Amino acid sequence: MNQPSAPPPFLAVEDLVVDYDTPAGPVRAVDHVSFDVPRGGSLAVVGESGCGKSTLARAIVRLLKPVSGRVVLDGTDLAALSERRLRPLRRRAQMVFQDPYGSLDPHLSAERIVAEPLRLAGVRDKAERRRCAAELLDRVGLPASARERRPAEFSGGQRQRIGIARALASEPDLLVCDEATSALDVSVQAQVLDLLRELQAETGITYIVIAHHLGVVREISTDMVVLKAGRVIERGRTAAVLASPTDPYTRALRRAALDPAAIRGLKPRAATAVSPEGTGK
Amino acid sequence: MAEDASPLLEVEDLQIELVTHRGVVRAVDGVSFTVGQGETVTLIGESGSGKSTTAMGVLRLLPEGLAVLSGTARVGGEDVVADPEAARRVRGRTVSLIPQDPMTALSPVHTIGRQLGDALRLRHPGLSRAEARERGTRLLDQVRISEPGTRWKTYPHQFSGGMLQRILIAIALAAEPRLLVADEPTSALDATVQAGVLDLLLDLQERTGVGMLMITHDLGVARLVSDRIHVMKEGRFVESGPAERIVERPTHPYTRTLLAAVPALGPWDEDGLADHTPLGAAR
Amino acid sequence: MSRYLARRLGQSLLTVFLTVSTVFVLVRLAPGDPAAAYAGPTATSADLARIREEFGLGEPLITQYGIFLRDLLTGDLGTSYSFHSSALDVVLERMPYTITLSVAAIAVTVAVAVPLGVWMARRADTKRELGANVLTIAGQSMPDFWTGVMLLTVFAVLLPVLPASGFTSWSGLILPTVTVAILQLALVSRLVRREMTTALASPYITVARSRGVSERALTWRYALANSAVPLVTAVGTRFAALLNGVVVVEVVFGWPGVGSLVVRALETRDYPLIQATVLVTATLAILVQLLVDLAYPLLDPRVRLGKAA
Amino acid sequence: MTTTLAPPERPSAVSERHLARSSAARQRRGARVKLWAGAFCTALVALPVALAGLLPLADPNTQDLSRRRLPPLTDGHLFGTDQLGRDLLSRLLHGGQVSLTVGVLAVVVSGLIGIAAGSAAGYFGGWIDTVVSRLLEAQLALPLLMMLLLVVALFGPSVTVITCVIAVAQWPEVARLTRSLVLVEREKPYVAAARLLGLRGWSVLARHIVPNVLRPASLVVLLLLAQAVLLESALSFLGAGPQRPFATWGRIISDGQDYITTSWWLVTLPGLVIALLVVGVNLLGDGLRDRVRTHKPAKGV
Amino acid sequence: GPTGAPGPGTLTLGLNRSLVSLDNKLNQFDAAVTVQRAVRQALTAIGPGMKPTPVLADRFEMTAPTTWSVRLREGIRYSDGRPVTVEDVATAVRMYGEVAGSFVLGLFPELPSVEATGARTFLLHTRQPVPVLDRLMANILITPAKDNRPEELRSGVGTGPYRVVGANSGAGEYTLARVPRYWGGRPAVERVRVRFVPEESSRVVALRSGELDVIDTITPDSAEQLTGLPGVHLEQTSGVRLCQLFYNFRKPRDHPLADARVRRALTYAIDGESLVRDVLTGSAEQAAGVVPLSLQGAERTGSFVHDPARARQSLKSLGADGLRIRIMWESGEFAADTSVMEAVAEMLKDVGVRTSLLQFEPGGDILKWRQGKGGDWDVIGNGFPGPTGQAVTMLQAMYAGTAEDERTGDAFMGYVDPAIARRISDAATEADPAARDRELAAAQHAVWDTWPCLWAFVPKTLLARRTRVEGIGLLPVNSYDLTAVRLEG
């Protein structure tokens, strides 16, 4: 896959397989997925709901142990590492969770949640940590008055932003965003996307973005892969894939994407702008 | 379908204040709107502006010790602000809710079948377990959960976020409500499934005249399904109007900012003629 | 799951075995002489030597242990020194009493403490909740002996409605059960209260409420099911402990349970009886705990047993 | 964003009544009441015990056989006298020093061991769980009193031995509960999030999981206080208590048992003192747990 | 009436110790005797005044110093109708000899051999004279030879007025029913229920509520509490048990306690009267001899005097004023043991003797200490039973220790006095009752003069009954004859 001349990819996922154990036996959620992302690149993962995107994301950051395959981050295969060997590398690969509420420790205030990774990063001074956390929260658009609140006291979008701030606080080299902006209104979303791009320009951070909104995908990613039922069915430059998708599913996806500017007319409308071949039913 | 001229939901000057440890927060500051039969009214607006609070307030689901409601909110003619009992009566019958955060909205220790079945049997007390299961699987199928039969006995943590969201939609529909309050019902769904679900909802609206109060960030969705849109910011409506007008001729600066911020999808080759990087080279 | 079960059963067997072995060694290391306790104050050294011989206490510890193990395999736990009959039989004769009292006490505890805890959760931070707290805590803080005698005085002497002692009729079960239950009430009710408060504030409760689920069902079906793991654990632990007998309550109510038996066996250094009691109660207690452990995944499907984090 | 009452064009509907009945206020009030009531009850017992040496009390061991078993409030004996004519109050206060130590140590030691071992077992699973679980299972499976008696028989009935024995006697119950709570908690997404940050297992446990299970676990721990104090009375009863004539609460109670129907105060008063203390400590614990830490005081409207 | 109250024809006894068996080969405590003898009987019994009375034997005579002639009563039968034979007696004696660790065996200097001389007559032979054999034989219960085994019998029949109709020996509960054709008179009570109620206050509550009819061996405090209650009556007699605070006789020669004068001086410190009145609430008597005076052959030898000044002064003059004393005892050795010990400690403190108290868990090593193998001590609390009712048995056990015994630690608390020991053994084998009593009296005076105890007392035998129970002739040995008991109303 890699040309000999090209620089080694920053993240290479090779033949990744992830199973879930269920009482009824293992369920394969990710099925021989391979791709790679260069340093400073950003790759979008799109696909049908339930196709294994989150699973893939969790396997990349090694919250799940893959059945087989490799996740090579900057030359190190994370998949094979023991928890202890992995721990020092953890900070480099962070993730924003799809479940913003569940992934926040309910007994900590927003500020402490964001300050936690700073402590790990070696910021010893408590006041300094608070200041940094406050700044991060500010950057994702959370008001200063909200810093002392606990997760239960926030709106959905605000929780999501706390999750983003926490992930950024680690100053990772790789950030996996699992639907990180799905609960944000478009203007805040734009603000967050700006922030991510800005950071990328500054620090060369690499993104893997899971999103359903193709507009967001287009804005943030340079490349994309399309998953279906745990397998990669299409990949390429984002612009190209969005402009002329080849796989029937991708085409259906593209067709179903709603562009407010493009919708005309009154209800009832043909919402089923999807051709039957594309829904996969 | 009840031939009732009065709106399904009539909110007037609704104000919701949250009494927190840090003082009183006014989350919703005097909003008024109505949702009539067969109508879809959409709230869009800033994150944290009070959309969910409004929705929950209308259902009187905010903790009694936390929220102080004032104004009126009549659901099917009954004012739930004045009478908490009325809210209890209408919930699960006249009105049902699709909550915002699907991952925490289901009891983790009960199977989804149990929770969906319960919802069904609340609506139809006579239903046997088997019948409930039969209807339930059909509902799951309608929201495009594959293999609903085998998934009936699985637990929420075994589902993806989008699947849970669809299950919650199925549960909300199980109540066969006259009014559906949907808080970002498709935010975790990909476009094809979203289309399917919206189709289902619109079809339902067509058939039964269900009224919908919808909250969404996706202006595309808002544009598609809404009759009226209210733009919310800091607890108030900054702009209200028919969907087309809001999307096409926004007057308030905030609405304009919002519309301007919508990520563009870009052009595409609908016929699939242009070629692009072939499969296999991801760079 | 079945592999886990097999491993757990193996481990539990081993635990029972080690427990009994520990006791075997401990009672022999501790000062005290079964022969002396047996022979009474007038015995001479010669008597003692003969009795020791008779009991097989002359052998070195390791030999005694070997014999003990050999006999254990054939289900023979020896003859009780003070009862002069099979130690196992003596214990098994008392076991029904202990089990009856334990089951009754746990049942009453759960039947009272759970609704009380739920009530306390609903009335959180009110004067009445405070009152309930104070009463239950005070109830479990008073010496069990005191509680027992007070109940006896009231219900057997002042208003003679219940028998004072023994298990001559089912009504004889009431007072000991109530006494034991009073000792557990504070813990279980407060635990239920705490867990229910958390559960009732969870989003899924709100969502279930939005579906029109009645408050009753919300509390009893949803919130309680979500508090089940700690509740079952606490109750299971208490139950296991009760199976070891409740010495004081047994003594006060003349209840022929194993608790007072083992204390008496210890007083007379009745080694076979001590070992038999420990074997029986430990097996039961460990079984109860195994069941509690196995219940976890049923009570909360997220729990994965035997897996490292 | 919300406004914390920006230009109040619209009057707030929040009345004083709402404020007073809001869960925030109720919780704060509840916590305060519990805190104060708890502190008061605790102090009412603990202070005199601590100051027993300084208070103008009769000698706890001086007997007066002609004035034995005087009921409370007679002849200057506030709590009456015991079966040998010793001043009960003085014995309670002097003996309380050991009993309180036993109780507090039991709570601290059993609590710490129990929470640490239980949460480690629940979180790490594997062999740690096996070892801890089997250990606590074994200890729970043994009749507690028998084990205490054996250990005391082995090491002699000194206050130190008794204190240590009682202190470690109760960890299994705490450990088991903590373990079960952690088993549920560790599967929650926020734990995965914490692990992802690169926290060591122990830090995840200590900083994220334990604080979330501490509330229910500490409930059990604080209730151990009474059990610990009373266990000592069972030991005293069987002659395994600390050396006579030194009075501990357990000893006073066990000696008074013979007289419970003739001289009610000999057991009832020490029992009430223990109950008062335990109620106090538990309320104090509740109050501290429920206390709302806010930087800004609540503002009215 | 209260739940659980016995019916009109049923007598319910509440024992505080679990009656493991109705046989007594291995298990005999005084209160059990009442029940055991209602089912199985011996040749004789100890009656009022500690005199032997014939039961199964109608003749029991010493025909030579080592030979006794016995005749079985005419027409006695077991409850199942079988007759009692000489073979049954011979087997019973043999079985008591074969069982290991028998308590009964300890009472006999040697077991007699049985020589049948007729269908109902036989001779009992001993090697040494056993002048009290007629009393000792009261402990050998007769069972059909066929059913007898060298172990405690779980079932089986006896000649007694009652037979067992229900038993749970693990729980210590028995139901006895009247034997229809009992060879003696028909007992008045139809059914007897025996229950084990370990806790004193529960027994008291149960008696008050009418659930129990008789509770024996009650503590001073229960006695005090039950006095004057309607429906309850207290019985008491002087007891046969001796409770002592015995000195350690293994002290080195130069130790103050090795000096009888120091031992006596210390006794002056003890206010025995107050102990009896205040601590034991009048339920005991100070010892006025070296054995309880209710025993046959007991001699009044002196009494304990309370005189702290004299104690202080003598101790000083004997150079023992800095004495420190360690008192030890096993929990439950006698009623109110801890209170007595704490009070004694305080009294000793008043004469300048510092005391430490060491209480042992039951079953611990108290015996080792008593045998001098546990370590040093000064005074031990000890209760000594007198089940035979004979002074000589008790004297032999306590004061007849020889140097040889002491090598194994068997001399009671190290008490070795060859002259006294000889006297006691001579008395024990003396066939002539008058001479024996003279000899014993002299020995008792000699013992008293060695001041073996810091203090000693004889607890009274106490029993409480509902007033509906009549005819309990409580004996000092703490048993009574169930056949004589009647139920009124």
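Annotations for the structure displayed:
Think of it as A, B, C, D and E in the order they're written, each chain with its own count starting at 1.
Heads up, the rule we're going with is that contacts are C-beta pairs under 8 Å (C-beta built on N, C-alpha and C of every residue); 3 or more make two chains touch, one makes a residue touch a chain.
On a predicted model such as this, the values are computed, not experimentally measured, just so you know.
Chain C has the C-alpha centroid lying closest to the overall centroid of all protein C-alpha atoms shown. Chain centre most remote from that of chain A: E (centre = mean of CA atoms). One inter-chain figure worth recording: chain C and chain E are separated by 38 Å, centre to centre, where each centre is the mean of the chain's CA atoms.
Taking the mean of the C-alpha atoms as each chain's centre, chain C and chain D sit 21 Å apart.
Each chain gets a centre from the mean of its Cα atoms; for chain B and chain E, those two points are 88 Å apart. With touch defined as above, residues shared between interfaces to two or more other chains in chain C number as follows: 30-32, 149, 153, 201, 203, 266-267, 300, 302. In chain A, the residues that reach two or more other chains under the touch definition are 99, 101-102, 145, 148. Shown for chain E are the residues in touch with two or more other chains, namely 201, 205, 361-362, 364.
Here chain E touches chain C in the complex through residues 1-4, 14, 18, 20-21, 26-27, 100-101, 103, 106, 151-152, 154, 168-173, 195-199, 201-203, 205-206, 208-211, 361-368, 371, 382-385, 397, 405, 408-410, going by the rule given at the top.
Residues 56, 59, 61, 63, 88, 91-93, 96-97, 99, 101, 104-110, 115, 118-119, 122-123, 155, 157, 168, 171-172, 175 of chain B are the ones touching chain C in the complex.
Chain A meets chain B in the complex at residues 1, 20, 22, 24, 35-36, 38, 43, 46-50, 53-55, 98-102, 141, 145, 148-149, 153-159, 161, 179, 182-190, 193, 212-216, 218-219, 223, 225, 234-237, 239-246, 249, 251-261, 263, 266-269, 271-274, 278-281. Contact residues on chain D toward chain E in their complex (touch as defined above): 61-63, 65-66, 68, 83-85, 149, 152-153, 157, 237-241, 243-245, 255, 257-262.
Here chain D touches chain C in the complex through residues 23, 26-27, 29-31, 33-34, 37, 123-126, 129-130, 133-134, 137-138, 140-146, 149-150, 153-154, 172-173, 176-177, 179-181, 183-184, 186-188, 195, 201, 215-216, 219-220, 223, 225-226, 230, 233-234, 238, 253, 257, 260-261, 267-268, 271-272, 274-279, 282-283, 286, 290, going by the rule given at the top.
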